[in-house]
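Below you'll find the structures, each written out as structure tokens.
Across the two complexes that follow, chain A remains constant while its partner is chain B and subsequently chain C.
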Partner chain A sequence: MTDSPLTVTTLFHFGPVPITTPVVTTWGLMAVLAIGSALATRRLTLRPGALQTALELLVCGIAEQIRAIIRSDPTPLMPLVGTLFIFLATANLLGLLPGLEPPTAHLETTAALAGIVFVATHVYGVRSLGLKRYLAGFAQPVWIMLPLNIVSEFTRSISLMVRLFGNLMSGVFIGALVLSLAGLFVPIPFMALDILTGLVQAYIFAILAAVFIGAAIGATDRS
Partner chain B sequence: MSLDWWTLALQAVNFLVLAWLLQHFLFLPVSQVVAARRAESNKLLADAEAGRKRAQELEGAALKQREGFAKEREAILGAAREAAETEAKAMLDHARAQADQALAEAKLRTTRQAEEAARDLRRQAARLAGAMAGRLASQATPPAEAFLPRLIEALVALPDATRQALRSGPLEVASAAALPADTQATLCQSIAEHLGTDVALRFVTDPSLIAGLELRGAHAALHGNWAADLEALTARAAGDDGAV
Partner chain C sequence: MNYVEHVSIVAAAFAVSFGALGPALAEGRAVAATMDAIARQPESAGVLSRTLFVGLAMIETTAIYCLVIALLLLFANPYVR
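Now for the complex of A and B:
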């Protein structure tokens, strides 16, 4: 990857809509995850095999992490937070495959995810506390904190977006540079580091999303 | 820095679609099977708890039954012990009564044997005393006339019928040694006087009399001699009254 990381490559147009590389890559990833999930969960039994045990471990692990944060039933947040973690964990590792680059290495993808978290946070907060009480929470603990709380709502979403984008983009960019400069086996340590970075960033993004929503519904401290 | 808003919008839609797909194909089925397994585990636990309670109830019932058995056993043992004690006491009483009876019989037998032995001893002693007295008396015998008063006294003491029988038959006067003629005359006179008639007397000598006289009729005899006295004394000494 030698192009600017801030630009996306348009592969084709669908009417007026340009279809870029991150979008196509995401479609492929979505297909793999959806078909893989459908195949893996076709024959679930009460006596699980190795694959079912791994799936249960993944799903129950995510649910327990959410429960530990919001201190209530994690089922309503599972589609959002669980999908965030699984999508980011797989998308962040796509850079390890030849010819592919992570869609999360482009700002549009992370911005979309951060925007979804931003909207979901306020939707869950209003649904849980009611509009008036939820809005009144921005003036807590004292009314003078109102502007700061409003600004923080945006800045933390932006930080969520930029953190993921920066880590992934830099990893991919450094890997491409090292590969172009030093040959075949030198980028391997950087690729291993990319695996760790990708999984950690996926975990951080999903956990922060759960924390933001937990704070919005009053389960955790807003600060 | 510029953002491709179409890409941003498509990625947001993509994520929402993926969330729906994963919810439908992954989260929901896995959560359902986990919930089903948890329900089955809870059911197994509930069944196990019910089984445990049932086992505890059965154990309690068994304990109560065992306590009942223990009480019944104690009652049976108590009754058996009481019956055995009663039986043993009865047997002991019976044995004691038998022993007392045997002891009494043995004492009686011993007493009788002792008395018999004492009587035998007295008899032997009397015979020995009579033999010793007879041997001594034979060495110093008084004259026959000395026994005449005893003979006359016995004659007087006889009943009339006996005395009449003596009158009718022949009489014999025995003495340990031959009597002189005057003594024979005195005897004839005294006897006739007390019988009231004259009778023929025949005089015989009988050393076994030791000393003294004996008047012998057809149906009676009057003793006035030491042999008769010793015999009487010996008989008395051998008697059961103990008098010698």
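Now for the complex of A and C:
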């Protein structure tokens, strides 16, 4: 039987702080993505090469998706939502590399990401509407909805967290189970399914972040 | 014997099986309705499929909740010593 998916393994201690495997994986991935992006965008030209064309396709694709949701200029949301999508898409596929497992298959990582989205929603909302109008939005459509609106702020963050964790963790868990049952080629279809799940979940996380922020800045209906 | 463990295992299987039932039916209905709409209006396929994905994620969350409950019962059960 495999280990409990709810616990994390401590790799080493940094002073009194235990450093776990997902933390190391996340920081490694962040370093790879940051250095890779810095290197890839160092020499941008007007006539793009193959790498720049691919990057432009990705960035423009993300911008188009955000524009379709908030129905206005996607530039203010691009740093957050674009980074979330690229990070999650790579993090969710890390399980395909031998010896690594996706950091998003642990509840702590997804909780941190959902927390980022939770804070960012209110920051964007206050910044675009002003504090008073933003807070007044919670009493829409009638004041009796106030407690429900406040509760839904928290429950949707929790569901954002649990959804990503549940999908990724079940993929890792089933992969480990199948591997322990049957050896060589049997896990391959499950890994192919993991690619699909990982990309779809990254897309959904980024889209939902954009929908939440769009609702907070008043671009779409509060949902 | 400690009957709490046995009940937990049965309850975990119960949670996953019935927790998968409802979302499966709901997702089937959602996909069927979207297929219908795309067949009628192929030009709106982009908007429809994006909304479908977000909606499926919402529906799927209930199944994921059941899965997490089952895992809590199996691995983090507070009543098992």
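Operating definition for what follows: the second predicted complex is superposed on the first by the 222 of 223 C-alpha atoms of A that agree within 3 Å, B and C clash if a C-alpha of one lies under 4 Å from a C-alpha of the other, contacts with A are read in each partner's own complex, and residues count from 1 in each chain.
Heads up, the rule we're going with is that a contact is a pair of C-beta atoms (placed from the backbone, for glycine too) under 8 Å apart; a residue touches a chain by one contact, two chains touch by 3 or more.
Bear in mind that the values here come from a model prediction, so they are computed numbers and not experimental data.
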Fit or clash - chain C, chain B, common chain A: fit
Partner chain in contact with A:79 - chain B first, chain C second, else both or neither: first
Touched partner set for A:45, first chain B, second chain C, both or neither: first
Touching partner for A:59 - first (chain B), second (chain C), both, neither: first
In the superposition, chain B vs chain C on chain A residues touched: B
Partner chain in contact with A:6 - chain B first, chain C second, else both or neither: both
Partner chain(s) touched by A:170 [first = chain B, second = chain C, both, neither]: second
First (chain B), second (chain C), both or neither touched by A:90: neither
Chain B, chain C and vertex chain A (Cα centres) - angle in steps of 10°: 110
First (chain B), second (chain C), both or neither touched by A:68: second
Smallest distance from any CA atom of chain C to any CA atom of chain B, in Å, after fitting: 5
Common ground on chain A, meaning residues reached by chain C in one complex and by chain B in the other: 6
Residues on chain B engaged by chain A in the complex (per definition of touch): 1-12, 14-23, 25-27, 29-34, 36-37, 40
Interfacial residue positions of chain C with respect to chain A in the complex: 46-47, 50, 53-54, 57-58, 60-61, 64-65, 67-68, 71-72, 75-76
Residue ranges of chain A in contact with chain C within the complex: 4-7, 65, 68, 159, 162-163, 165-167, 169-170, 200-201, 203-204, 207-208, 211
Chain B partner contacts - residues on chain A that touch it in the complex: 6, 8, 17-20, 22-23, 26-27, 30, 33-34, 37-38, 40-41, 44-46, 48, 52, 55-56, 59-60, 63, 75, 78-80, 82-83, 86-87, 103, 106-109, 111-113, 115-116
